[in-house]
Structure formats: structure tokens, C-alpha cells
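There's a structure below that I have some questions on.
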Amino acid sequence: MIDILISGLLLSGTYALVAMGLNLQYGVARIMNLANGEVLVLGALAAFWLYTTSQVSPLLTVILVIPVSFTGNWIIYRFLLTPLVKRSKTQGALEVDSILATFGLSFIIIGIIVSIEGGFFAYKYLSEPIRILGSTTSLNRLLAFLVAALIGVALYLWLNFSRPGVAVRAVAVSTEASGLVGINVPRVSAIAFALGGTITAVGGALISTFITLDASMGVVFTLKALIIVIMGGVGEIRGSIIAAGILGVVETGVATLVDPGLTLASAYLIFVLILLFRPQGLFGKHTT
Amino acid sequence: MRVSKAILSVKGVSKRFGGLVAVSNLSFDVAEHEMVGIIGPNGSGKTTMMNMISGVFKPTEGRISLRGQLISDLPAQIISRSGVGRTFQLVRLLPGLTVLENVIAGAVYGHRRRWGSDAEGFAHDMLERVGIDAMSYSPISSLTYIDQKRVELARTLAGEPEVLLLDEWLAGLNPTELATGIKLIHALRDEGITVVLVEHVMDAIRSLCDRCVVISSGAKIAEGAPDEVLSDSEVIRAYLGDDDA
Amino acid sequence: MKRSNWQELIWAAVITILAAFWPMLANGYWLGIGVDVMMYVALATSWVLFSGPTHYISLASAAFFGVGGFIVGTGMSDYGTSFWSMLALSAVVGAILAALIGLATLRLSGVYFVIFTLGLAEMIRNLVSWVQNNFLGSRGLYVLTDFSDEHLFWMLLVTSCSIYLVGWIISRSRLGFAMRIIGGNETVARHVGINTSMAKVILFTTTGLFGAIVGAIIAPRWSYIEPNQVFSPQLSFFVVIMALLGGSGRLWGPVVGVIPFLLIWNWVDANFPNQSILVLGLAFLLIVYALPNGFVGRIEDLHNKMKRHS
Amino acid sequence: MIRRSVLALASAVILATTSAFAEGVIKLGAISPKTGPLAGGAVVTQWPNIQLWVEQVNAVGGLNVGGEMMTIDLIEYDDKTNPGEHIKLAQRLATQDKVDFVVAPYGTGFNIASAPIYGKFGYPMIAVSAITDKVDELTGRYPNLFFTLGTTTAFVEGVKSILMEQRDAGAIGNEIAMVNVADAFGIELADKARELFTAEGFKIVYDKSYPLGTPDLSPVMKGAKDSGAKAFIAWSYPPDSFGLAEQAIIEDLDVNVYYSAVATSFPAFSNAFGSKINNVLGAGGTNVDDPKIAEYREAHLKITGKVADYWASANTYAALQILEQAIVGAATLDREVVTQYIKDNTFDTVMGDLNFKNNFSNTFWSVGQWQDGVFRGVKGSNVDGAVDVRLKDGWK
């Protein structure tokens, strides 16, 4: 039991890293970013590449990734997505446009990754066993979990107790109303999008220390992230974290107690059930 | 104009949203060919009551019946087909469809399932009835507010309702439009349709309604002829400082 | 989806007859593209049947397509059944599956519906893999038939036409009109007496039925069925993208979306073998920015302009 | 539609005329994934060897085809790991590019899916990365299709013989923990293994599949560990072969026999885990002591800049050598003649002397083992240089 809980929670850390960024991007900037997973793989590539070519510790890479991915994602939002935001009259139209545009973007990023490294990003960092409450796990997974927790807490505090954070939350609730009370909506959206992309890329760098990735694996993470965000409720960081927790523990539980062949199926089943009984997600506000 | 037979009957209806009581233990009857006004301050539960009759919500307690048949446990589409038509507080039209198509929508799925040229002809009749047949082929976006309301009314009438629910149909109209609107409802009344209306415009209530049900904080506080209830002290208290009565 | 008229049906018939000659004019590569076009036309048109009028973006195409392919694969490989019986079974299973999904998704709207269908498709993919692994005891699903591309092309053409015809009939029926009203405003739809749940489930079932048929027809072409490939979520995205690119407001929208999309795709493949995915992505963005309302929007704009000039 | 076919005709005419000018050139088509789930494997074993072979051949002025030196013109496409895409591109190679020969695709499914097209145009397909038990049925249907990597059964047999030897030696008991990835490849192998292992009296005490793309394999490894079996067999695919090894290290899986299938022989596998994976068994192998292999590996590193993997790389290269020798030997680009030549002759390749009986080459490695930084073949069919299996002793 302890085993399941600990492994499950550590896996949740991974999922939270994957989903928190997307939630900011979708919840605040209203961009359904299908290239989320590819950004994650870019982060992983950076860690792999720097580690294998120049022995740079992935932890250092994480710090290097922050400014680069923030700028990169900001540019993507500013120059690629703002025109779509401007031309779409309804949320539905923007959703369609952003699905189309970011799908194209995901291909471009895959192309870039392939031209750098088409094979597996195989390396190991901190792949050391560690015992927690009698359960064995690895140091790199623990590290990813801790960073995820740190980011989650920091994000929560920032969103709830800082001026810019409150502005971000206001935009998440309503772009129109926020505009009316003098919030610079395009700027806040751009920041939220860039911040979301940064979290995702940092997640990728950390995840690459224990999962062997390659250029085309982004979609796996995008799917997981979408599921978690929707399950937790759009715009709800808390929801994403709890949904990630549920998924992690359920997957590990099913793998251990039932059959590993059913892990992913059970994760999706939980998702499907939650939406059946709470169509707006765990923490989402009901809108009609 | 008291007619003995109740066509619509609301008995002990309550609606709670979580801990919030929107309507509590409300009862009233509507007789055939009668025009009943539901009035009360903002947030008193009028629209919730309308939503329960038309089937948007199910009552938490109590029963609503149409000609003695229980309807409060039926889905909206069945209630509509059994003869309850409504308009919405904020006009709800179908922007992708033309004016005529919007009205046809009302004719097709009602209890007289019209289709094809029959539905089209009937829709034209309804548009003429509300006075905007000339705009049949315009897009919805080109209409003024009152015309949008007329289209919505035509759509509802196209379903040939036995009971018509008008949810603040006159709200937001300018004085000229208001006069036109009141005249239109008068005409409907003269045709003998049973109408339940939620309204804030007191002049309209005085001139249109046979009877009024006054609710405040979800509960009925008075019922009777408009002049009678509007001079009731409790009703005045309920409204004071709260609304424009 | 707008109501279709007789003129449109005649055009469709003419194009279908012309298309039927394609295998005589083209072979090899161009016939192969024809098969691809037909496959996506069929999938995207059946997608538009439901998603066009309701504006619900479904990402469940791969679930139906995969079920079709998988049933044909399992049946022919493990139980020695005929292709045709499995094709029929696929249609039935696809329809039942879609009806169940339809019932489950009734309360969802917007992005919740989008991701729900995606999650459900993924769940089905994993369940199918697990069942195959544990109960069917399969040794790889070989679908070895004597069908050539001509046959598949015609089968898909017939499927596409059936979908179109069904769509055309629906668009002129009370059901089709009901769907337009539901797409406009679901509350209104209920209040004019439409059983919205029933209408949505019926339409979604049609989508699933045809999706499974297409998957079943494609199985002989792939010869070897791997669950993870027939259930690939990418297929769902491609179907949506091609349909939206064409324009989902018209039944013929997918046709004008699929053809240019696949032609561009093939051009990119042939000319940028090492970076085809990157160039494809760029081409994609270009289309999104240059054609805000899809090809249908563009065509109708031009049509309107021409009308105004004459 | 009609206009498009005119266009197609026109482009066909242009191509026909250009190929008339291109004498002295052999057009070689290759379609394999550069993106998609199988790309990670293809960029290790497939693409570098095509590059290597083409560069080597062209460096010496090409192939001597009946007295004329013909260089290789490579036309390559990315199938994005999508069977539909692959079929279309194969048609393009055959009918638009009109290539003279093709490199067989990467992956079992892709070889089978493209066999009808290549068969129709008479291209010999020397399939490397295809493992199937349906060799007879497939080669009967597609007489141009050759298999060089062995059968599903042969792979399982290789593992089985190791298990039986170790049981006899007392290193393992009767119990086996077995897992597989739930895709066609893993399911097929696991199914066969279940049959063959139990027939020999083994008990599979832990027998589970996991889905492709499982992010956390620790429950799988914990389950295998708890089963207490001293032999662990994983019919795995690249990303999970890495994931399983990592979990085995973390859990300190106490087994004497540890086997994971594809990608175990990749240099990246050893790079990632170093000495910890010493004595891990994996699919395939080569005779690294063979000077031909040594020379090949050196050339591979020099020309592609990458270390060759220890299994399918050499096989892929050998398949190209077969094609090369068949073209030169037949002294023609006539595909029918070349195909017949392949059927009738024996070829001198880096994998040794290869020949086909009923389109099947019975010379291949089935199991190899990492021994002090080198992956050596330990089991195979008609191969020389198999070394003794060592026991796994911890993960240090």
C-alpha cells in the first residue's frame, strides 16, 4: 500500500509538471496548446544534449531553460497566436484556430528536434535508489516530484497573493471584465502563456532524467496534460495538481494490484467517470 | 374574468440551489384564457418559477401540472410539445438561421408537427401576426431589439402553445416600442391564449393581467387583481427601495 | 451545417461519377493518393455530419476507425472469417460504440466534450490492446486479401457517397433542422420541443458507424494491423483539421479541405524528405492564417463577389 | 479530377525523360520513419547503414554492372511511422521516381504493408527489421520478399535454450517473470513464449503486459521482483527497454537471467547505464570478434559519426551487401534477374555467408549479452563465435 502511494505520488509529480503549464496556457491565455508536449520534449532535449555533450548537470539545465523557454513561448504567443486571438470573435472560434495553429506548431517543433537528435535521449542522471518509508524509488523521480511541488506551491501563492497573480486569475475568469477594470489583458495572457511554456519545458528537462524520450513522444504528454487539465477544471491549478495526484495513484494502484496492462485504460476510465458526474471537472465552475 | 377550470396548476413548488432557496412552497392556478402576471422584486424567484414550468429546472419539491397532467418531472421538450411555449428574459434566437427559419423551428417540433411548405406557410402567418413578415429573409443580426423579441414571440406562437410564458418580454423597450409591444400582447389576449407573464412594467401589468401573483424572496406574498395587489401594503414594502414600482 | 439543395446533390452525383473513373486514369502513386483522399473524405464527411451542425469537436474518429480495422484484423487473422462479414460486424460495433459514447457525452459541452472524446478513444485503444494481449492470443493481425487499390478506392467512394447521401437526406429532414437549432442554442432547441439527446445520439451513431466501416476497408491496405497504429490519436486530429480546413458548415466542406491538404502534404513529402514534418507544419500555419474560414468560406466569399459583380 | 490526371501524366512523362538521361546511375529508394514512434529505432539501425553503404559504394565509383560503373542515387522518404503514408510513398517510389531498387522498410508491419506494391513492380525486398512466423505464407504470396532476421519462434527458442541451460546448471529455478509491451510485436513474442516455455515445464509466475508509452514501469518491476523468479524476460520495445533496465537497477532486481528485447543492443543502452547493465541479455547480436564486423563498425563510426548498434545495424548493412552483390553478379538492373540471383546464390556479408531457402535466410543471431561493455552474440542460428552466457550478478 505504501509502495503504491509513494510511487503513485511521485508519478503524480511528473503529471503535475506536464499539466500545470498547459492549464495556465489554456485557462488564462485561452490557447488550447497542442504543441505542449513538444515543448516538453524540447526541454528534455536540452537536458540530454547538454549532459551528453558537455556534462552539464540537468539541474543546471533547468535553470538555463527558464529564460530561454520563457522568451521563446512569449514570442510564440506574441507573434503567432495574438493574430488569432484578435481575429476570433468567440471563444469557440479561438479554440478551433488555436487547435489548428498549435498542431502545425507541434510539427515544426518535432522537425527542429529531429534535426538535432532523431534517436532516443538516453542518459541517466541521479538514477540512484532511495528508500522512503520502506518503499524503493529513485532519486530523479523524487527530485521531479519536489520541483513539481515547489512550482505548484509557488504558482498557487503567486496567483493568490501577488498583484500580477491576481491579474492573471482575473483574466482567467473573464477577459472582458478584466479589460474593463484596467488589466492589460494581452500582456497578462502573453505572460501566462510564456510562464506555462516555461513550466512545461522545465518539466521536460526533469522528466528526461528518468524517462527515455524521443522526438515524437510529445503527443503522449499532450494527451495526458489535456486529460489532467480538463479533469481538474480549466484555469484551476489546484484542480490540475489534484487530478495529477489521482491519476498517478490510480495508475500505480492498478498496475500493482490489477494488471499493468490496464494502467492507461484505468486512468482514462477515471477521467471519463469524473466528467460524467462533474462535467465541468473537479474544480471547474459550472458555466451554462 | 374568472374561469373555473385551471389549465396550469402550481402546487407547493420549491426550488433549492445548494443552500440557496430560490422558490419556496409556491402555489397558484392559471385558468384557461386567463392572463396571469408574476411580479416581484429582482431576485425574488420569478424567472426560476418560469424555468420550472418550462422544464429548464425540475422543482425540488411540489408539482406542476398542465390540464391535470403532471409535467414537472418531464424534460423541456416534452413540456413544450404538450403545449407550453415560452420566451426568454434575454432573447434567444438562432443566429445561423434566417428570421423565417427561426420561426419554422417553433412550428416543426411542437404538438402539431408541421414540416415543409406547411411549416413555412405557418411561420409566415406567425410573422405576420407579430407584424414583421417583411423581414422573413433577413439575417438575425440585422434586427432591432424589439424585432428580435417579435421573432422570438413568433417562434413560440408557431408551436401553438396552450399556455404562453412571457419572461420580461417588455423589458428594455423604448416608449414607442413599449406601446407596440403592449398592443401585441393585448391582441394575443383577445385571441384567448392563456398567458403567464413575468413583468416589471406596471402599466402593462395593470392593463393586461386578469390576476397577479406577487412573490418576494421565493414565497408568495399576495395574489389578486392587479390594482388590488399593487396597493397591498406588504407588496409595497417588498418593492420599496428595491425596484422602480 | 446548412440545408443542402437539389443542385448540390446533382453536382455531387456528377463528381462521384467522374471520381469513379479515377482508377482508370491514374494508377500507382496517384491512385494511392486517391485512396487516401477517399479515406479522409469519408472520415471527415462523417465527422461533419455530427460536428458541423452541433459545433461539438469530436476527437473520437480514431476509436471508430480503429475498431473497424481491429475487427477485420482479428476476424480474418485469428478466426478465418471473411472480410465482408467483418465489415458488417465493424459497422454494427462502431454504431453501438458511438451510441454509448453519445449517451455518455450528453452533458458535456465545449472543450470538455473535445477532451472527453479524446480520452475515451485512448481508453478504448488501451482496452483493446489489453484484451488482445490477454484473451485473443493473437500472433499479429494479418489482413491478407486480393483487394487492389482500385477495389479499395471504389469501396471508399461508395462509402463516401453513402455518407454524403445520408447527410444530404438528414440536412433536409426534421432531424437535420433540429441539429442546426441545437448548434444555435440547445436551450431553445429543447423549448421548441426537440429531443436534443436523441438527435445528438442518432447523429453521433451515424458518425461511428461510418468511421468503423472506413477503418475496416483500410485494413486490407495496411495488411498488418497494429492496435496502436489503427487507434492513433493523430488520425482523429487529422480528420478534424481537414474538416475544419474545408469548412464544417457545408456537407461538401471536407472534400475541398481534404484534397488540397493531402496534395500539399504529398508535395512536402516528396520535396523535403528530411524535413517533411517541419515544412508540413509551416504549410499548416500558412493555411490557418491565410484561410480563416476554411476553403468553404473562401469559396463562398468568391462566389458572393462574383454575384455582386455580375 | 481529370485535370489532375493530366498533370500526373505530364509529370510521369517528364520523369521518364529525365531517367533516360540518368544513365550510369542506379536509383535506390528508401522509406523509413524519421519521425513517429518507430523513428527512434530507425535512426539507429536503418538510416545510418543506408548512408554508410551508399557512400562506400559511390566512393569507389559505384557498382560494376556488366562492365559499366554505376553510382547510387538515393531517394529517401519519411513515412512518419504511418502505414498509409508508407504505402503511398512506396507507390511514389515505384511509379513516379521509378527507382531501380529499394531498401526494405523498417518494421514488420511496414514490410508486409508495402510488399504488395514492391511485389507488383518486381522489387526484391530484403527485409531486415521484420520478425514473423508467417514467413512461408508471406513469401508464397510475395515471392520478392526475403527475410534475414529470423522468426518469432526462433527468437523465443533462443531465450528458451538459455533458460533451459541455466535451469540445468541450477542458476534459475522453474519460475520465470515475463512481461511484454502490448503492441503487435510484444504480443506476438509473448504469446509464443508462453507456449514454448510452459511446454518445457517452466512456470511463468509473473506474466503481464504494459501499454506502449507507460510512463512508470516501477509497478511492473516491483511485481516481477515480488514474484521471486530468478529469470526476467521482457518482450520490450525501445523506450521501455530503457525504462525496465532503470527500474531493475532501482529495485535491485535479484535475477540471474535478465533479458529485454529490442534496443538492448543499442550503444545508447550501454551509454546510459554503463557497467550496471553488464550481463544483461538482449535480442540479436553479432560476432564482434569477426574482423569483418570490426571493420564494418569502424567504417560505420567514421562515416556516420555514430557507433553501430550490435544487432540490426550489421544485418541492415548485410542486406544492402546482398543487394549489391546480386546486382553486380547478375550484371543487370533487371529486377527479375536480380531477384532470381538472390534466390540462387550465397553472399559474402558482414554477417557471414548468407543464402536464402524459400526466401528465408537461416543465418542470424537471436540472443546477445552485454559483456564488459560489448554486446556479444550468445545464441543464434548457423552463426560462429557465440560466447557463453554469463549470469547477471547485481546491478553495480
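Think of it as A, B, C and D in the order they're written, each chain with its own count starting at 1.
Basically, contacts are C-beta pairs under 8 Å (C-beta built on N, C-alpha and C of every residue); 3 or more make two chains touch, one makes a residue touch a chain.
Nothing here was measured: the structure is a model prediction, and the numbers come from that model.
Path length between subunit A and subunit D in the touching-chain graph (shortest route): 1. If you compare B-C with C-D, the chain pair joined by more contacting C-beta pairs is C-D. Ranked by how close its mean Cα position lies to the mean of all protein Cα atoms, the top chain is C.
Taking each chain's centre as the mean of its C-alpha atoms, the one that lies farthest from the centre of subunit D is B. Between subunit B and subunit C, the centres computed from C-alpha atoms are 43 Å apart. Per-chain Cα centroids separate subunit C from subunit D by 35 Å. Our note on geometry: subunit A versus subunit C, Cα centroid distance of 30 Å, whole angstroms. For this pair, subunit A with subunit B, the centres built from the Cα atoms lie 48 Å apart. Residues of subunit B in contact with two or more other chains: none. Shared interface positions of subunit D, i.e. residues touching 2 or more other chains, are given as 34-35, 37, 81, 182, 209, 211.
Annotation for subunit A: residues 110-111, 114, 259, 261, 264-265 touch two or more other chains. Those chain pairs judged to touch are A-C, A-D, B-C, C-D.
Of all the residues in subunit C, the ones that touch subunit D in their complex are 15, 18-19, 22, 25-33, 36, 39, 126, 129-130, 132-134, 137-142, 144, 218, 221-229, 232, 234, 266, 269-270, 273-274, 276-277. Interface residues of subunit C, counted against subunit B in their complex, comprise 174, 177-178, 180-181, 183-185, 187-196. Listed in rising order, the residues of subunit D touching subunit C in the complex are 1-2, 4-5, 8, 34-35, 37, 75-78, 80-85, 87-89, 91-92, 94-96, 108-109, 112-113, 115-116, 132-134, 137, 141, 152, 180, 182-184, 186-188, 190-192, 209, 211-212.
Against subunit D, the residues of subunit A that register as touching in their complex are 3-4, 7, 10-11, 14, 52, 110-111, 114, 118-120, 122-124, 127-129, 136-138, 210-217, 220, 224, 251-252, 255-256, 259-261, 263-265.
Looking at the complex, you find that subunit D touches subunit A at residues 34-37, 39-40, 43-44, 47, 81, 179, 182, 208-211, 213-220, 222-223, 238-239, 242-243, 246, 249-252, 263, 266, 268-269, 271-273.
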